[in-house]
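Consider the two complexes below, in which chain A is the common component and chain B and chain C are the respective partners.
Coming up: the complex of A and B.
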């Protein structure tokens, strides 16, 4: 038996389940969760980070909304966006307009970039019955400045969701949710560690699908699912290939097609770290479960959270060092920048990150994609050449 | 995003010398003196701060005797002088993506090529980057890029986004705390000048005076015919107040001067002054959303005035501050007012607020409709504009149209396309009017 109470099955069955959750653009699992008990509510959120603990504490299901991938036919969405805007907002609009999100009671739009920022206003106009929140986070990390602002924002969110539920969210509910998410983050961390050590045992596409299941499943179920997957993956022996090890970066918002992730490994690159679905590990340490829970969430955000392009780095010497550290921690030999076309955060940050890598003598390559990119051949070739050159360097 | 051209002529001399108002000449002098001040700073020892037009805290900067260099304005200058194309390419060669804001690339390319300002002299390296993070994500990365280059002190001043249409106390408190505890102490340290709040109050008082006159100028377009063009002309009018002059006596003088000229035009029943002289008969009154194209600025404008189209109101003339709904810098609440100013700039407003504003312009200025100039590389403005267009159309019943160009990348200005779109738009307006007449 495993944590989820089901029989240990091989990775194949687990991945099949995750794949079907991934493929299901009607979010059946989340719909079923909602209808299982009357009064349940679902709150959608987009990348990059929202405090899911507060949603959970209101007995609601946080639902990751990440665009439509390469299977969604975008019929209406293109009428809302010019050709020079990335794809995730248009496919997200498509999900909304086509009724696929009609069970969602609220939508949260984090402050990742101006596209998602503006989408929050569009959502208000287009779906006036839905609770819409643009979720601003401080770009100032001093406790009495950014911290107190953020505490105020979190308190407002808590208040709003309490009203939406019909009863205020208590401190104990919040503490419980923090604990549940600490568990989840711990398990996600184990998954990432396991993959970094033995990437052939946990292929990137599998790790992604397992992580991605957490966008639609209740968190408790997701934690158990990762545990099951890890147990199964450890039990299976898979062939180790002569691949190089890379960190995949810039994939924090619009999702790369699954085929892209697969192609990297087929081309000879084991992904040993990435910035996919950062919400699952944004907070890098356990959030304390005693004391003021809102203050604890704020402290964690200010002092123990990931670095990424959407976040200001106040210390010039620290700029991009998180990437160097990721490379060192995972024993990676190079970095692949895969950015969505027209993505301001990823593309504006890229030259600075590349300079940091050059100084640290870490090789990198860069290309762009869209969530619906079909043609993987060029990416495969580029990644293959990169893998070969890394092998040559390390042999030399 | 920003404004404030003048000072420089296009590289190729126009067939006909532009007709300039006296106020324009005054502005030209102000700008020339400003650029000279900047380029002389290595000799004079004046310290230089870079900041952005939206969220430009010029009054505060003046309290520390710092010279204010605005990279967006430099990018505009490069666009008008048709140098931005080469700068953008230079930046792309150095690894900047073709997909990102061309202001940044124009700036980065200009720096790479010697950082020569519009006066033909080198612009100084900044002593400080005041990252007033207001209404545009790109700003954050832009100044991280400049910090990488100059390794100078950088202050982040984060303006929360007004997503729900209201400025909350939490937002204002956050900004005031940043100002008190980080921005002002750093300005003191870098400049060596002690902060004097009464000096700030004085400047704010001066700002409010100029703001009063600016609003009167912009609202003069409610007259028929409109004495000004609130977009192409408006870009000149907002120059001083959005740039390095808000809070100065120079700005007060400029706007008084300008207002007198405009009032005189109203009294005489004259339309706007264009680069080719007085505009002929006013046939169409438009509201425009979005920044202009600068590399073919004059050609773009001509497509309007040749057809008798005047822009009576624009959102772009509000990027450095929205004053026409009552906001004025308030010397009684010096730090709070700076916060509220930043929070209120156009690109920091939610989409529903932008729709409200554009729809009210159409009504208040009795416009024939809305035209959106969508900028390829500006997500802050552009993402969501198609919905804005439909909403405004729905609310006002007036036709709207959409053209696409870029700010300073000449590769994205297709004159034929823009002209075609405009012509069909004017026909649409005609048809609408004929429909209204026949229905009456």
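Coming up: the complex of A and C.
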């Protein structure tokens, strides 16, 4: 595979490349993509879900903006928020005011919580020359109510991006982009299946870095990157540890530090499923490439998206069942709730999800983190004792 | 018959133990203890493991399960890893089958663990992040006072009027000690004061986990400090409603490695029963 003109092969080289993309808070890869051809535009988006197909159809680069992680010192960002607000909006503002996002032509703020919604308004005031959109999604999944509303939202976004480009987005462009993202989702699914089956061959931190690269790379390059990683990971023989298998959940918005993910595995937990970077697999089935592409995208969201804590679930009987299904599908032995501090969507749902797991006799633990958490000892202790209790005392 | 090894990478030393387990009967076949002394703990872990195997008359291929504990998660040859509290609890029960609680007195923290007769952890509490109840703190004080670590216990027991030391903060406690030296307080009285201060924190932990009428087994690097053991016994005597006996064992420094090996054997047999032995490959 060629990335930036360099042949990269073997998991070590691929992961080093992904790590450098992860570490780069100036988004050099996206800047280089933009300057490589005149007229290119970059649209940033925050977690959890935006229809990247529409951005791609406008010949623009969707850029995942996931906060500043544990390497960014937040100086200005703290002035905008109270102390009881999570860290991702602060570090995102820091990225903005420090000029790290000065090449971004638009920013999309998905409907995940009040804080991110309000950040869209703040962004408009702070960066008046940037296209800003609060991207709302339906909480009613009936075709004639939430469906027609969502079709309108998608159509509006399509019109906006067409105007930003200078020419309308055609149906064929959308269909092509849907196909490209179907391929990407398929490859992401293969990566998750491979890890669930042989977690020692694809450590959680590596799988995350490979997935995370898709936040800054063009989707076609990312699909090839996953394929190369899978081929390399399958070819390498790595020792299988007697670890327990867990599903990691509540990590869908503010990202856990990479060391947290590594610490879980060191503590004896193989991560066999998670809700990290949900934008890469929000839609659970291929989106049809024939017919009305906007309608197809809307239908996929309404009827083929996973009901995680990041999505409103009107049916109480369905609440939390995605976790039970994930445990059964992957052969997991427990669930770890790792929620960002002050994360309303994760923490408000947690008791309900834990009740569902208790009823299904699935063990779980819970803790909180911030994207810049540095002290992993308490997490290692919790995860380590959890792993021990499963390995020594569980029935299976 | 299951052969299992435990490798405990601690702050100050690496310990390895090799066990044979058959029908619940355990036989300790080999052991090794290597002080780290600024060497690479991962390399020492391999050396300690091989030394213990040599004593047992075995090779690496003879071992069914290699369990690490402590800071040993990254050791390349391990089958599985157990958290240090889990292994100390099991090791304590092996060394003292009547133990109902374990006080793990390590270099960086203290931990009280309530256990059942299988060595299963029922509940636990740790000291906070301050180092004033830790072995590292005691090592520093010994250095300031110019005495060897193995002299601490006997000197402490010669005390006739122990001087109170801060139990809240290591920095304050060290300042206290400097003041005591300048005031001419004797070394035994300083050490006993420190031991009582540490014992006070550790026994409060024991009380907080509900240990009342039981045998308390000391493990960790400080378990063989006779002065600390005596101070813990004194503090327990002072506590209302507490009827606990403090015990230690000459092999207590191996508690983590013993526990890792025995849990490794337990886990291996469980995987065999479940038909999942490849997980212990």
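The rule is short, and it goes like this: the second predicted complex is superposed on the first by the 384 of 396 C-alpha atoms of A that agree within 3 Å, B and C clash if a C-alpha of one lies under 4 Å from a C-alpha of the other, contacts with A are read in each partner's own complex, and residues count from 1 in each chain.
Throughout what follows, a contact is a pair of C-beta atoms (placed from the backbone, for glycine too) under 8 Å apart; a residue touches a chain by one contact, two chains touch by 3 or more.
Remember, it's a predicted structure, so these values are computed and weren't measured experimentally.
Enquirer: Is this a clash or a fit when chain B and chain C both end up on chain A?
Expert: They fit: once the shared chain is superposed, the two partners occupy separate space.
Enquirer: Quick one: classify A:121 as touching chain B (first), chain C (second), both or neither.
Expert: First partner only, chain B.
Enquirer: With the two structures laid over each other on chain A, which partner does A:242 touch: chain B (first), chain C (second), both, or neither?
Expert: Only chain C; A:242 stays clear of chain B.
Enquirer: Kindly classify A:388 by the partners it touches after superposition: chain B alone (first), chain C alone (second), both, or neither?
Expert: second
Enquirer: Going by the touch definition up top, name the partner, chain B or chain C, that contacts more of chain A.
Expert: More residues of chain A are touched by B.
Enquirer: Going by the contact rule set out at the top, does A:146 touch chain B (first), chain C (second), both, or neither?
Expert: first
Enquirer: Does chain B (first) or chain C (second) touch A:267, or do both, or does neither?
Expert: A:267: touches chain C, not chain B.
Enquirer: Return first, second, both or neither, reflecting whether A:97 touches chain B, chain C, both chains, or no partner chain.
Expert: neither
Enquirer: Of all C-alpha distances between chain B and chain C after superposition, which is the least, in Å?
Expert: The answer is 18 Å, the least C-alpha separation in the overlay.
Enquirer: Enumerate the residues of chain A that count as touching chain B in its complex and touching chain C in the other.
Expert: Overlap of chain B and chain C footprints on chain A: empty.
Enquirer: Within the complex, which stretch of chain C touches chain A?
Expert: That would be residues 65, 73-74, 76, 78-83, 85-86, 120-121, 263, 266-267, 270-271, 274, 278-281 of chain C.
Enquirer: Could you pull out which chain B residues touch chain A in their complex?
Expert: Checking each residue of chain B against chain A gives 94-97, 99-101, 104, 131, 133, 136-138, 140-142, 144-145, 147-148, 151, 154, 156, 158, 160-161, 163-164, 170-171, 173-174, 177-178, 181-182, 350-355, 374, 376-377, 379-380, 382-387, 391, 404.
Enquirer: Which bits of chain A are touching chain C when the two form their complex?
Expert: Chain A residues touching chain C: 239-243, 266-268, 380-381, 384-385, 387-388, 391-393, 396.
Enquirer: Under the definition above, what is the set of chain A residues touching chain B in their complex?
Expert: 79-82, 84-85, 89, 111, 113-115, 117-122, 124-126, 133-134, 136, 138-140, 142, 144-146, 148-149, 152-153, 156, 309-310, 312-314, 316, 319, 339, 341-345, 347-352, 354-355, 368
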